[in-house]
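The following blocks contain the structures, represented as structure tokens.
Okay, so chain A shows up in both of these, paired with chain B first and chain C after.
Our next item is the complex of A and B:
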């Protein structure tokens, strides 16, 4: 039996997906440093490459209704190998979550409150996420509409407010960078905003009806990708070449908003939107990690694990990197390598094996 | 029941303690502790290697207190603090020995660089202004003809603060299009380019009896971050024609029968620049469309008819062409690509650009301009004819 009793609908899955991807809007800065003015095409290429893989998650979840990733792994790869793969996944969840928590902290100490200790933001933020996770997936899902709307509002309104400062010749020349850089950019994009949606394999088991899962996943993905694209286009058009030098290109672009000297200093808009979006993303990550760990150890509920795991995440986030420089280096170079098999290889492979072995019908009796 | 009570007691105790933790005193800076900086000037110090930073700080009692006793009298509303340091940030922190508080530079309107600093190169000085989190990328950047601290000292007549006045002078450049507003982001963009020469408005002080007046005398052109020359008003407008940034301004042409002048006001201007590489030669096709109104004439001849219009349009197109050529000749003189022709080529001919980029300095003076100006007079304002006897018509 799955550990989560809550049920979500297919439509809510769409909002979850879109909100989750939008939460990575801050992280496209990792790509911008490498792909400069060609970021927009890198995002499109990453979307095209990762769409079939992400849709395969939905197909997999449809094939194993009511089951989460850990259970699927157990069933497809057997008890022993399945556990090892699940532990690998849990490692990935935990690392990505702590990096995301760290992103929020860095955002705050760089742009909003410089004098406050770093650890304070990490704790407050993670405690809020833990609170949301204890309430369960249904509660998180219910706020996903609101979060998506706030995110889209911030993205679209800043785009409109900056239209007068945009110079679309910044996108020229179209093909300039060496292919290897584009390739690295595509790899980062398909890993970080899109590939992280592998967490939904832990959530899709809660779907009450799974017939529209694939369609809704696809549209959720499109909405999320569209908002990333708007952000990338806005930053390139407004900042031009300088977008590669700022710590956060989005923030700097929004600081340029100046409508009749009245509408200025709109940083708060992006600050609020990013905090909410990151909260949503981190909550989903924390939820997924907690459920995965509890499932792995066969616990009856996951609530007791929420706070201890959240505490571990804070400690990892606070200690693993010395500075944002470290952070960017590791994420750009190592992070996308160790997560590649989890995102691109194992789920499609599970699907293939399940097809060949005729799962899950074969073992349904054994499972309960 | 008892358990529920316990939990609610724990919750209320927790809330009570949170009151102390969440009051937000950490890093608080009250308004009377802020040294609000509205302008900064950077000069070289007599000691080689040191810089002299001048910050214009608002005196909050002079601004907020529109008090009963005549609004503060002769008291200046600002305070120019200066300090020395080995770098900008060093000087900013050294300044706390005089102010007692950290400078608050969120509201900084303009950063002015002295002539000596600009000649030595802005690359090393601009980093702080881009990196500091309180600085806005929209803050203006300017160059003083002499020393920046003198510019910040010149008290304006209508504005309270010299820095605000300077910002106003630059922001309203559209009336004449004799200069161009440059902010931190623009300057950084130019500095990052391989070839484009950065620009900044140039401030001059005019001694008018007792008073000093600030005057924008044109633009300063940079190369590799170092100031290499100046553009006067006409040359600056020649540059703006090409960049498509001309908002308005005045064009004076002789009247068709050479008895006086026709004065046109620019209403609208558009430009399109298409680079072309033809047989190894670089030609820039510049197409300018300009619309203007006849705003003044100093002749009794009636200029508001087709034939006269045609002649005036022709000569105003010639004026525009000359302004562009003047700017281009000037830029050739100090071999700085102020128009950004290099970037335009880069965008269109990205393959050829790789070889062009390395010897751009030799190539730039050999560029040919193909200027095509279309000038139109679209209105004559309130008059159809000049107030003159009819004899002009024959």
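Our next item is the complex of A and C:
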């Protein structure tokens, strides 16, 4: 039995997907340090590689209607192995959520409010996410279109306002970097903004009709990827080679907006937009983690677990890395390696096993 | 420290009476388990006791033990 009683439509899934990927606009900086001016190529390549895998999530969810990832794992791999795989997924959700919460804290402490204690941002932000999660998935999906519009507005408006400072020769020369750097960049992009969408396997079970799930997943992915591409092009065109030396290239680029000395200091507005996007992404992550843990324990409701798990996440976020450099270094290696099987291997494998074993019809046949 | 205790007391008060009233014992057990972990981590953080980072462990496992690492 699924824990979530709320239902979402396929159209809302599109908004959720696009808004979720847009929430990673800050995180492309992990790639920038490695792929420099070729980041836009890496995003495109990452999109091409990730698309079939992400579409397989939608096909898997369509095959197991009304079921979330933990239930699918139990059915496909059996109770014991399924539970182990689900715990692996919960660890991934927990770690990724703590990184994202930490990113918000680092953004504020570095660029916006340097004198405020770091833990304060983490607590306030996580409590807000917990409040949204307690309200349920329906409430989050209801605001998804608004989040998407805010994200698109922030990305497109900053691009237009920075056009006069863009130098497109910054993109040259093409194919200058060694292959291993490009490969690492593609690995990061396909894991961090795109691969994280594996969380939707916990949400797609709430779809009221799943006919258009694959199509809407695809369009949501395209909108999110287009936003990331615009951000990468903007940063490279404006900052050039210097984009690799900043903690957040996006923020540094936005700080350069100066239209007739009237429109300046836009970074605060964009900081708010980025916070809203990150709030949306972290709320989805927290929701997914709480539902997964509740499903694993076989509970009837997930609400009592929201605050204890949010408290754990705050402490993990505060202590998991010592500095932004430490954060980037570990994410660029262990962070993307340990999560690769969860994103690229297990869901397509589950689909294959389900096809071979004729699931879930066979199981239903057994029940009746 | 007082701030931390107030936060945890609040989390406890808004959850536990309802769970007991509705006789949701399984939910209460899961809540208590996670609450104890969260409280222990909170105390460790406030008292500056080092909390082991799972990501550091993974980095050590992949890089130092398995030797899987992207070249710098």
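We take it that the second predicted complex is superposed on the first by the 364 of 368 C-alpha atoms of A that agree within 3 Å, B and C clash if a C-alpha of one lies under 4 Å from a C-alpha of the other, contacts with A are read in each partner's own complex, and residues count from 1 in each chain.
Please note the rule applied: a contact is a pair of C-beta atoms (placed from the backbone, for glycine too) under 8 Å apart; a residue touches a chain by one contact, two chains touch by 3 or more.
Only a predicted model underlies this, so the values are computations on that prediction, with no experimental measurement involved.
Colleague: Following the superposition defined at the top, how do chain B and chain C come out on chain A, clash or fit?
Modeller: Chain B/chain C on chain A - fit side by side.
Colleague: Should A:239 be classified as contacting the first partner (chain B), the second (chain C), both, or neither?
Modeller: first
Colleague: Please name the chain, chain B or chain C, that touches the greater number of residues in chain A.
Modeller: Counting contacted residues of chain A, the larger count belongs to C.
Colleague: Mind computing the angle chain B to chain A to chain C from the CA centres, in steps of 10 degrees?
Modeller: The vertex angle at chain A equals 110 degrees.
Colleague: Check the residue A:341 against both partner chains and state whether it touches chain B (first), chain C (second), both, or neither.
Modeller: Once the two structures are laid over each other on A, A:341 reaches no partner at all.
Colleague: What is the contact status of A:116 with respect to chain B (first) and chain C (second): first, second, both, or neither?
Modeller: first
Colleague: Identify the partner contact of A:255: answer first if only chain B is touched, second if only chain C is, both if each is, neither if none is.
Modeller: After superposing on A, A:255 lies in contact with chain B but is clear of chain C.
Colleague: Between chain B and chain C, report the minimum C-alpha distance in the superposition, expressed in whole angstrom.
Modeller: 10
Colleague: Need the overlap of the two footprints on chain A, from chain B and from chain C, as residue ranges.
Modeller: none
Colleague: Where on chain C does chain A make contact in their complex?
Modeller: 7-8, 11, 14-15, 18-19, 24, 26-28, 30-31, 34-35, 37-39, 41-42, 44-45, 51, 53-56, 58-59, 61-63, 68-71
Colleague: Which chain A residues qualify as touching chain C in the complex?
Modeller: 91, 95, 119, 123, 180, 184, 293-294, 297-301, 304-305, 307-309, 311-312, 315-316, 318-321, 330, 332-335, 337-338
Colleague: Residue numbers of chain B touching chain A in their complex, please.
Modeller: Result: residues 26-27, 130, 133, 136-138, 185, 188-189, 192-193, 346-348, 350 of chain B touch chain A.
Colleague: Which part of chain A faces chain B closely enough to touch in the complex?
Modeller: 110-111, 113-116, 169, 172-173, 175-176, 239-242, 245, 252, 255-256, 258, 264
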